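Working notes, beginning with the structure itself.
Each chain carries a letter (A, B, C, D and E) given by its place in the written order, and its residues are counted from 1.
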Amino acid sequence: MAQSIVSILPEILMTIFGLLLIVIDVLAGEDRKSGVGYFGIAFVLLALIASIPPFNGFKIFGFNKMVVWDVYSYAFFLTFAFAYIMSTLGSVDYLKDRGINKGEYYVIMFFSIIGMMFMVSATDLSVFYLGLETMAISMYILAGYNKKELTSNEAGIKYFIMGAFSSGIFLYGLTYVFGYTGSTKYHIIAEFIRNNGVSHFSIIFGLILMFAGFAFKISAFPFHMWAPDVYSGAPTPVAGFMTVAPKAAAFGGMVRFLMVAGVPVVEKWQLFFAILAVLTMTYGNLVAIAQNNVKRMLAYSAISHAGYMLIGLVAANDIGYQAIALYTMIYAFMNIGAFTLLSVLKNKGIIDDERLESFAGLAKKHPLYSLAMLLFMFSLAGIPPLAGFIGKFYIFMAAIKAKIYWLAIIGVLNSAIACYYYMRVTVYMYFKEAEYDVEANLRPAAFIATFIASVVVLLLTVFPSLLINIVKSMIV
Amino acid sequence: MEMTLQHYLILSAILFGIGITGVLIRRNLIVMFMSLELMLNAVNINLAAYSKYLHTMTGQIFIVFVMCVAAAEAAVGLALIITLFRNKATINADEINSLRG
Amino acid sequence: MMGNILSILIFFPVVAALVIFALWRSGKATMWAAFVASVIEFILTMPLMWNFDKGTAAMQFVERYDWVKAWGISYYVGVDGISILMVFLTTLLTAISILASFKYIGKRQREFYIAMLILEAAIVGVFVALDFFLFYIFWEAMLIPMYLIIGVWGGKRRVYAAIKFFLYTLAGSVLMMLAIIALYFKHGQLTGEYTFDILKITAASAQYSLGFQTIVFLAFFLGFAIKVPMFPFHTWLPDAHVEAPTAGSVILAGVLLKMGTYGFLRFCLPITPIASIKFVPLVAILSVVAIIYGALVAMVQEDVKKLVAYSSVSHMGFVTLGIYALNQSGIEGGILQMFNHGIITGALFLLIGLIYERTHTRLIADYGGIAQKVPVYATIFAIFTFGSIGLPSMGAFIGEFLVLVGAFKAFSDYAIIAASGVIFAAVYMLWMYQRVFFQQFNSRWENIEDVNVREFIYLFPLIIIVFWVGVYPETFTSYMHESVKNLIEQINTVKIALK
Amino acid sequence: MLVGIILTVIKILIVITVLLLSVAYMTWAERKVIGHMQVRLGPTHVGWKGLLQPIADGLKLLMKEDIVPDMVDKPVYIIAPLLSLIPALSAFAVIPFADKFVIFGKEVQPYISDINIGLLYILALSSVGTYGIIMSGWASNSKYALLGSLRSSAQVISYETAMGLALVGPVLLAGSLSLRDITIAQKGLWFIVPQFVAFVIYLISAIAETNRAPFDLPEAETELVAGFHVEYSSMKFALFFLAEYANMYVVSAIATIVFLGGWNGPILPGFVWFVIKVLFIMFFYLWLRATLPRLRFDQLMSLGWKVLIPIALANVLITSIIVYIVR
Amino acid sequence: MSPYLPIALMLIISALIGVITISVGVIVRPNKPEKVKLSVYECGMPEFSDARKRYSVKFYIIAMLFVIFDVETVFLFPWAVAFDLVGIFGLVEMIIFIIILVFGYFYAWRKGALEWA
């Protein structure tokens, strides 16, 4: 029993902190709500430090093998923590400017992390589902957070309908898996599948529906239709958060499920996800090229990044899931960095703030801003020596190790295509003349976020060992 | 007539199908939302049926969770619909189109 | 200090760039600071050249530190006879092109010089890296500053050129990345040691199966062929060269192209020897086509810069031809020709940039008879024109001669065709020279200025080197003898094994 | 099987008939008792001491013209009263009126069914009742009705939470949700003693649940003319009326079973004890109506949310800890 | 016989009683509709607007709070029933659960969700 408590120690800590955060929010003055965010960051850091797994290969199961605390979940916790810290810092000024700087924002984001942590540390589908919904419901609110703005409303509604729809489908599939195997616990499902295969209709049906629900969550190709609208409609810092953390959590949870429960039938789902990966990244990239709105472009690029991450899943080896973990960590920095920069951009011309034209000639007026954006763009494109490269490198390592060369080739070619639209931003910033009076006011919070992200993006390749050692010691 | 597992599964499949169809073809957000709840209830039927035929409590406990989630979803979903209505005075899904582009 | 000389060479420009970034804002200060930094960098290569042991093929000045232990990545650098000349060329040309940019670069000078210095660091890194991961990082890292240099300070179609350059090169190199990863796993499976160490992976090359070698070779080949650029992959080059600012063109033509051929030497031949031998005909054909095609296209160019750009395609064809002759003289000639081409084409771009600063046109038709107004300029231009043609007593002569000798030994028919490329070169270069400097004087250039002191200072070392190589090539070839011999031995053992 | 069904139907019919009669006479009793409390006489004319008054009322309602206003949403308008009535009546399905006894060698169960989640069933049904209210207000398409129904449902759901929490304590003690088990668990000690706080909370919530004074806001004649059923007339109105009084019986029965020991009691037979306890609580309702003024709506909501719920939560916590220590 | 069968019967019979009482009066009761009689009550005046307008958001908030709290209450029941089985672990868990609930409750309170003004 004590073991059970220990096994959810990180989550318990986070929950306590989350509750404290609520109290802080309630007590804080109306004009000092940003403090809630800062406290949230402090809490996340504390929890991060307190829940460091004591040694490699550490693994504690709890609640009759329903949850586990191990390096794997810790690695994903890192991603969530990074995402939280970055987007909180990035949000402060954005929210202040729009007069929606409420404490709930930070609290909800904080609680969404708890949901994600449960998704990743779940070894039982019911815990996974609860985590999923904790996360998803928080994200619905955040997507529609700017309630005065129509786009945000619509993003919230769309995300809600599609999200609930997808979790419904996921859940329905889950019931069949449960019904067929008689349990929701991963290891029992695994054993059952090992003994009986997956030839029975119910389990095929169930697994396919579960995969579809999962594909929805990560915005993989045929199930992506919500993503661009939601990402571009949601408040910009939230969009940054949404493209990273929930996706990471979905991957984290699903990989654990597949690597534990699905391992006896790897080949069966490998092809499914391989096709999904190809379609997802190709679609995301091709459509992103056509975008003139940077936020929307980043939204489509987020789809394509889901495609790259899927390669790690398809590889279905240790390097694969390590790569996914590392990729999401890095993605947290670069993508949220880009969205943070996007959120401080103010265009006084007739076009929207996030149009490509806003970036024209920005390098002259805001050299540091432009430099940071350049770094993020190239990092997203996966150009060394920036951090994004390490992530992609690891992903392709996984594919090569699994001997899925064709997928790796399609992947790298895609990442070359992707360069084009990331470069367009830099083209506008550096190569064009300013068309409108554009303001990019990086105040302390957003500046710190950008600074951290830039430093990480720049230096991660030089000092990647820390993160790599963490993911390297992950065991599903 | 003896009720077998299949009967429950078929019932839930029908319910689920109605739910999916509702979400996909209805354009009133409230109705879509209700269809979503229908999907969850189909899930509950499945869980209960399996739980009974497998003689395990897992499914029934799961139902409580699902209901709980459905409640939270309802709270959030309705709030979102209300905020949308305040800004746009419509709950027709087809008119939610300011994000095309 | 000598122990860390390579690291210093890599990181000194970065540090200098950071210092410049931190300390100065004005263009004048940054340009001088950058120049001083690049000169120091060049001076730093002197002890390297001096202390280099020419008697061995082993890597020298080796530094090795664990970097990412989990993946078997280390920070591992060293030079041998092949790469040391390239390092020398890089630092030399960078210093010169920075000096040449003083007037040419009118806007955002600080950023320009920072980009140049970082570019230099990355290129040096490419030539000295002995770890695949490190190599790949430098290989790609160089794209970003180059992209900016073309895109920000380039000509009218700079955006197009910059993107094209970037995407082309990237597309090739991403496949190379996959090949590197594949090698990593192959080596790991074969020896149990998972490492990105180039030398170790090379050492195990005998164990790689033909099929595997073919795949890896093709991936590498694509990446390097685009960089060189070899015939069907060359289309980015004219755009990039023409649109880039002078300094950019110089570095592009002088150094970046060499990265491709360096890649052939360092990776394709030793790591995938069997596949390399199998693909010799393909490479040879492509080289010959490049030589002829480049020359023919150069002939019809109206833009001087474009002409020189296409001549690069042609000249680099010689280099690849020489390398794939797979014998001592061919490879040595290739390396020497790499060096020469860097110097000569670099100088030609400098000269074109120099006159462009004054006339703001590069069309051959716009000039005419300016020799009378700018005699010194005309003389220097003539020197490099002859150099480019490959006149005896000039560097290129030695290089091309060695290449052709090697090629005759290996595949005489191609060599004959290739030799005609030399003649074509004479035709288009001399014709261009004639149209620009002689013929009817165009009165627009009445007040044109001759080469000034600064310009002379940066051109002079190049003149010296051109003659030096032409007269006493041993200074340079002596560096490479052992390394090339070693390489040839490796290939020969494979050849024998194949028979 | 068939015999069982027939027996059950008979039982149901008996229960419902008795219930309807009780409801009818409850209205009479209410008027009478309140009349006397207010030093009046109440109904006197129809029958002896007005005993036939409820019958007359019923007939009147039956004969009255059934006005269905133009603007209403017809199907909903008709379903609403049914939806109020059905849960109110159905709740009696699980209420044990007395212990099992044996007569003519056959075991008789003086209840319609004993399910192991009886209490949950009751709570669920009372939630369904809310739909009747809200639908009636909505369907009527009248401002008074709508507001009345909104208020009413807000009130009902507010107090339902407190009520549910209050019932957790007794369940903890009994260890079962079956109403029969809960009653049996009180053989020694009625739960009103250890769970007095819960009892009070339950009682208050129950009154609010049934929209009775002093919580009869939705029907506040002075403010909302008659609340959610202002547009209803004739038999449909009667159904609401019926449902309300049936609900009163339900909550009283639950209070009896959960807190007052159900049929447990000395000397007298179980059924009698049960009836006495229920009637006592019913009388308490009338007493309240006669004495207390109506609350304001905000007071009402505050009472529910800010007083009852925290106390109920605390009660659950304390009970559980004590139970753990004691066992 | 399943214990739920009587309950189903009870539901059916209750519904029947409702339907019968409504429909039986049709035979005996008069039916003389006229326009004024069929209009909605509005203090005797002709109605001047549709009733279905927007009303206080407070109602929604109460509804949401109810949904949340009621579902939480549902969790308490199984726990209460199985209290003897789950022991100290269950007790501690439920105390934590209630504490979390209380946090949410006080949050709602402080935010004014419980005020009706």
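By our rule, contacts are C-beta pairs under 8 Å (C-beta built on N, C-alpha and C of every residue); 3 or more make two chains touch, one makes a residue touch a chain.
It should be emphasised that the depicted structure is a prediction, and the values quoted were computed from it without experimental measurement.
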Count the smallest number of chain-to-chain hops linking chain A with chain B, moving only between touching chains.
1
Chain by chain, through touching neighbours only, how many steps does the shortest route from chain A to chain E take?
1
Given chain B and chain D, the chains that contact each of them:
E
Of all chains shown, smallest offset between own Cα centre and global Cα centre goes to A
Where the centres are mean C-alpha positions, what is the separation of chain B from chain E, in Å?
20
Suppose each chain is reduced to the average of its Cα coordinates; what separation in Å results between chain C and chain D?
93
Give, as an integer number of Å, the spacing between the C-alpha centres of chain D and chain A.
52
Intercentroid distance (Cα basis), chain E paired with chain D, Å
14
Would you mind listing the residues of chain A that make contact with two or more other chains?
none
Which positions in chain E touch two or more other chains at once?
63, 70, 74
Pairwise touch list, complete, is A-B, A-C, A-E, B-E, D-E
Chain B to chain E touching residues, read off their complex
64, 67-68, 71-72, 74-75, 78-79, 82
Quick check: in the complex, which residue numbers of chain B touch chain A?
12, 16, 19-20, 23, 29, 32-33, 36, 39-40, 42-43, 46-47, 49-50, 53-54, 56, 58-59, 61-62, 65-66, 69, 72-73, 76-77, 79-81, 83-84, 86-88, 93, 96, 98-101
Taking the complex as given, what residues does chain A use to touch chain B?
126, 129-130, 133, 137, 140-141, 144, 147-151, 153-158, 160-161, 164-165, 168-169, 171-172, 174-176, 178-179, 182-184, 228-229, 232-233, 293, 296
Residue ranges of chain E in contact with chain A within the complex:
89, 99-100, 103-104, 106-107, 110-111
Given the complex, residues on chain A that touch chain C span 363-364, 367, 374, 378, 383-385, 389, 393, 396-397, 400-401, 405, 408-409, 412-413, 415-416, 419-420, 423, 426-427, 430-432, 461, 464-465, 468-469, 472
